[in-house]
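There are two complexes below, and they share chain A, which is joined by chain B in the first and by chain C in the second.
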Partner chain A sequence: MSGLFTEAFLTSLVLGALTAGLPLMLAGLGEQISEKAGVLNIGIEGMMLFGAYLGFLVAYATGSVWLGFLGGGLGGMLVAAPMALFCIRMGLSQIVIGIALTLGAEGLTALLHHFQFAQSYPRLPAVETLAIPGLSAIPVIGPALFDRPPIVYLAVLAVAATAYVFRSTQLGLALQAAGDKPAALDAAGVDVVRVRTFAVFSTGFLAGIGGAFMSQVGAGIFVPFMTNGAGFIGIVLAMQARGRPLWVLAGALLFGACLSATTALQVAGVSIPTDVIQMLPFAAVLMVLVLFGRRASLPPALGTHYVRGAR
Partner chain B sequence: MTQTPNAAPMPPHPIVALDQVTKRFPGVVANDRVSFELWPGEVHVLLGENGAGKSTLVGMLSGLQLPDEGGVLVEGREVRIASPARALELGIGTVFQHSMLVPSLSVVDNMALGGPWWSRPDRAGVARRMAAVCAEIGVAIDPEARVGSLSLGEQQQVEIVRALMRGSRVLILDEATAMLTPKGAEDLGALMGRLTRLGIAVVFITHKLNEALAFGHRITVLRLGRKVGEIAPERLVALGPAAATAEIVRLMFGTHAGTEAAGGPPRARPAGAPLLDIEGLAVDDASVPVAGIDLSVAPGEIVGLAGIDGNGQKQFAEALAGQRRLAAGRIRLGGEAIERLDVGGRRERGLRYVTDDRLGEGTVGSFPISLNLLLKQVGEAPFWRHGIEQPEAIATHARRLVGEYDVRTPGIETAIGKLSGGNIQKALLARELSGQARAVIFAKPTYGLDVQNIRATRQRIREAADRGLAVILISTDLEEVLELSDRVAVMSRGRIVGVVDNNAEARSRVGELMSGVTA
Partner chain C sequence: MSDTTRIGGDVLPARRNGARRERARLVAMALLPVLGAIVLSGLVLLALGVNPVSYYGYVLDRGLLNPYGLQATLTRTGPLLLIAAGLIVAFRAGIWNLGGDGQFLLAAVIVAALGPLLAPALPVWLVLLAGLAVGALVGAAWSVLPALLKAYQGVNEIITTLMMTFLGVSFANVLVKLAFRDPATTVPQTRTLAVADRLPRLFDTTVSSGLLIGLVAIVAVHLLMTRTAFGLKLRIVGANPRAAIHAGLNVPLLTMATFAISAGLAGLAGAVEIMGVQGNVRADWNPAYSLTVVPLVFLARFNGFASIAFVFLFSVLSIGGESAARRTGVPNFFTLVVVAILLIMLGITEYLDQRRRAAGK
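The block that comes next holds the complex of A and B.
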């Protein structure tokens, strides 16, 4: 164990935390936007998975990483569309529709993937990284954090941008009002359905990119069911972060670290059964819920359908 | 008192008119072929008992409801006001009966709400315009305060200010004065006068007839969804206040009602060891910290707690009921210390709290009346056995209370939120006053109720005291406090600044204490 804390080990730990945490962060950020507006988006797991699939497909077909991410975002929005229609417009149960969409996306992507890539399992080339001059030279965290694909930097910027939108724009106020008291938003002359629809599509876009990140950057390949609960962890992250995007970032890195710690331990030569490894992030979720679950505060109108003039 | 309309020659069309509109809800016809005209330069008062259909009527003007039959006309042209946004566009601004503010946002953010999505809310500009309007109507509001931390009265002020800031040509005030102090209501009345001189039309809904006569030019009376009378400006002037009052009461309640004087026989001043004893109670609160409250109430005694809204009454009541943590102090009920008990524990010992926030904390709007009547006893026998609901027992209990307290409802399974304000209050009283109550705190028990319901509620409070309960009556309505109380405590800035016996000098003493003249 003396060699446990070598530079290589620490670098792989931090890198792993980032690679595993980034999709969680995008999912959590997306979910947070929906929840802020009063929509409990359980379909997010399906949005991620469809984003992972479509992102991989587009990147594979065009050879462009960027188009791949765009495809991923679009894939997420494709799953968000029925959510917006059924739940926001028609007022069907957000929980039922969310579960149905997740199950649907799982089945559909597995099926399509099976037909398309029955014989060969193509792999995407490694995504090019962009080293930030100066910062990337710092030992351990330099190569792990500042020599990454550009999408990583963009995603972190998205956290800042979301925080800005929440705090300093009319849209931010409208999202908050839609989740807290939709009738008040309506009375102020803002269309509740439009605000919530926007929120659900934003969630789809971000979750889809998160999924695409998993297939394009994390694995380099699409595997059925590959998101493996990342969307659900995103829901937990969003609830714990209580409306603050920065907390989503911090929480995602923490979960990412849990996910990667086991891999890093294996690199360092400590053997742990794979079952335990796969359990670790969920155990972490449970831990967080037990420790901080009480303090999670949810918007009063979460999960409810708004009908004007009803009482 | 009563003025004639200010606008010079009568324009050809009313600004807004309803033509024979009908609006039905499951089980009730809320508006039955009602016609209503709103002329520029007029304050048009809408009167009617609880559930008469006043809020429904203005709901069709402010875009909350669409009429089932009949038409809405703006300046003589038929329009469809399908959303509040459309109403604002047409220049119709509304202060709704139930708060339309976002609790988690600050006051300025609530007012800034509704601009283009990607723009920054103009917080500084809004705060500036807000300060101007506040100065004009003589209220003080902290623009940075979170709305959820404000009292209902303060929230109502915020809504009035917001409606005025929008510069509408039609202003609808649905019971906007219910939570204001008499002075606040007077200032608002004066402001309505100034607005009408600018050609703005005001719809003013109130349950206080003196306000209706003082501020109104034209009066329309609704009863059970029908329009039963309209008093035009000329006639209102000709009648004079006394005759007008008599006519209005006759229209509202029929011929036989409302003539006998309010107030029962004078009650013997109760004495004896205090049943409810509060010592050194303190509550930490960002806006109004409460400290050093000493108060004891004898069995059968009504202690009124007077004071301008937002001086810590809410914090005090919630701390007493167990909904807030005490920072310090002791509460004893019948000699037993209860300050460490939670809400349920205190209730079990006989302490009851009738909240002023009927729809917020008082009831669950979407639950049926029958369950709301048992909201604080969920799981208890005989209504639940081994965790299983006993529908028969629940229904019997509900039917008995609904009958006893005269809750007007289509049925006991109706969601309580669908009732009118007065009937929700009756259900709340039924729940809190039944069973083993020993001490009751009433918070603004008659706010938003019509004359008859006010009388019934006050009678309930008197009866409760006659049964030997210790009663604390929190009210911003000085008349009410003086009518009911044995002693009056005055609260100001989170402290009780004086307690006086309710005798001939009480009114002036309380007035002095309220306005800050030292004791």
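The block that comes next holds the complex of A and C.
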């Protein structure tokens, strides 16, 4: 336990929190957009997983990290497409279709992985980092936060951009109305179906990139079922953040720290079975729900299908 | 035909001359998604370069036609029926208990640890009874937190039960690896319950009597939900919680009861799986039955008898699929794809039916 507060330990803790937290943040951010527009997106776990698979596949085939992330985003949108069609257009149960998409993505990626990579288990080379001059020289935080792959900075910018869109744009207002009172949005001449479809595809894109981050940056390899509930944690983050993207960022880093405690403790020479550590984030989520459950506010029209003229 | 509960849409009272047509419609709506799913997942197989006809032929042979396969299928049906019964109670009461896998696995681990301890000291029937009771209690205990949060705080139970499942699966692994580990084996697993101390087999077959427990449970649940005042109360809560409060029902208490029954049945399934089939729990074992039973219960429209048919069909697919994985090289994950397609086909059938009825009105 002597090395618990050395610089190496602290750096690996912060770095781990960021690496594990970033996919959660992207998932939470994406889910928040869906929820704001009145769509409870249970399929987000499947979107992340498919993004992780396709991102890995593209990065492995082309050797380009950026194309990999683009592939991840597209992978997430591929899973979002049936969600948009079945739930937004046809009005099928968002929960049933969400479960189906998650199960389907799990099965499909595991199958594809089996036929393509199960013999070779190829790895990707480490993703190049971009050191921000000045900031990266700060001890502990510098190397952990400001010498990261460029996608990290972009993802944080995406949080700020989403916050701006929610607060100050027509689109943000439309998203909010689609979740709060879709009939009013319809009366104002905005197509509810179109707004919600946009929201679901945004979720797919962000969750897919989050998944691709897990396979490309976090692990360097695709393993079946690798998202392991990250999408569901994203749902909780979105609920607790109550429509505020910056809170998603903070919550994701907190959960990321829980998730990454294993590696940090190993650096410090403490060995705990990984299963104990895997319980931490979920235990933390439940604790948050016990303490603040009542305060998680959700849009009134969440999970309901909008039919014009129906009462 | 009083219990034609649907996911959406209104229930029209079937007129006498329309009763037969109504029944035919319900059968068609249950069978069309199955056919669609088989065809579409066959296309997935084709895309993977596997001959779907020979794959399905092999699955059918190993899951249904071959006597050993059939017995394995019937044995698998037992725990799945218990899980289905638990889901029916919850879904009819409008509660999304998606935490069945955690409830199942934790009950399985505790029962697996307890069984070999009790077996030398007590008569077999008492050990089995104790195991079943403990399994049900552990399952129910693992749902107390989501139940309290739902009943008294209004926290969405989908999220809490899913979180409890992830927590429970990891916790089960911790228990197997640290607390209940059999010191005699190198691979972490619990002590093994001797074959003589397990649930008796039916007649001269290898079919576990867990099948009977499952059948009794699902019929009991069906009658509970359709023929008793308690079941009616739960269905009112499910249909309209606000109306239920105005009708003077104690909604929080009924919510707690629903969770306890639903999760208790999932835990019972874990006990039956261990004492009837596995005998022990290996580390990282998680069959994840619960989420895959969800679509079957939907296909059956929460009807217990129809659920038996679909659970049996799924057992054929899953036992046959396990054999096929070894022979044809298509891993078991394929079953997940079939289930996903089945769910989506189910939704589409529902949608088309509603449109057809709306057009006919």
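Note that in this section the second predicted complex is superposed on the first by the 311 of 311 C-alpha atoms of A that agree within 3 Å, B and C clash if a C-alpha of one lies under 4 Å from a C-alpha of the other, contacts with A are read in each partner's own complex, and residues count from 1 in each chain.
As a convention for this text, contacts are C-beta pairs under 8 Å (C-beta built on N, C-alpha and C of every residue); 3 or more make two chains touch, one makes a residue touch a chain.
These figures come from a predicted structure and were not determined experimentally.
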*Who does A:111 touch here: chain B (first), chain C (second), both, or neither?*
second
*Classify the contacts of A:221 with the two partner chains as first (chain B alone), second (chain C alone), both, or neither.*
neither
*asked:* With both complexes overlaid on chain A, does A:156 touch chain B (first), chain C (second), both or neither?
replied: neither
*May I ask you to name which of chain B and chain C touches more residues of chain A?*
C
_Between chain B and chain C, whom does A:86 touch in the aligned arrangement: first, second, both, or neither?_
second
*Once the shared chain is lined up, is A:273 touching chain B (first), chain C (second), both, or neither of them?*
second
*So, does A:239 touch the first partner chain B, the second partner chain C, both, or neither?*
second
*asked:* Just to be sure I read the superposition right, which of the two partners does A:289 touch: chain B = first, chain C = second, or both, or neither?
replied: second
*State which residues of chain A lie in both footprints, the one left by chain B and the one left by chain C.*
none
*So in the complex, which bits of chain A are touching chain B?*
168-171, 173-174, 176-177, 180-181, 183-191, 299, 308-309, 311
*asked:* Could you list, by residue number, the parts of chain C that touch chain A in their complex?
replied: 7-8, 44, 48-49, 96, 98, 145, 149, 153-156, 158-160, 162-164, 166-167, 170-171, 173-174, 177-178, 291-292, 294-295, 298, 330-331, 333-341, 343-344, 346-348, 350-351
*Of all residues in chain B, which touch chain A in the complex?*
59, 62, 64-65, 83-85, 88-89, 94, 96, 98-105, 109-110, 112-121, 365, 417-418
_For a test of understanding, state which residues of chain A touch chain C in their complex under the given definition._
40, 42, 82, 86, 90-93, 95-97, 99-101, 103-108, 110-111, 114-115, 224, 228-229, 232, 235-236, 239, 273, 275-276, 278-279, 282-283, 285-286, 289-290, 293-294, 296, 298
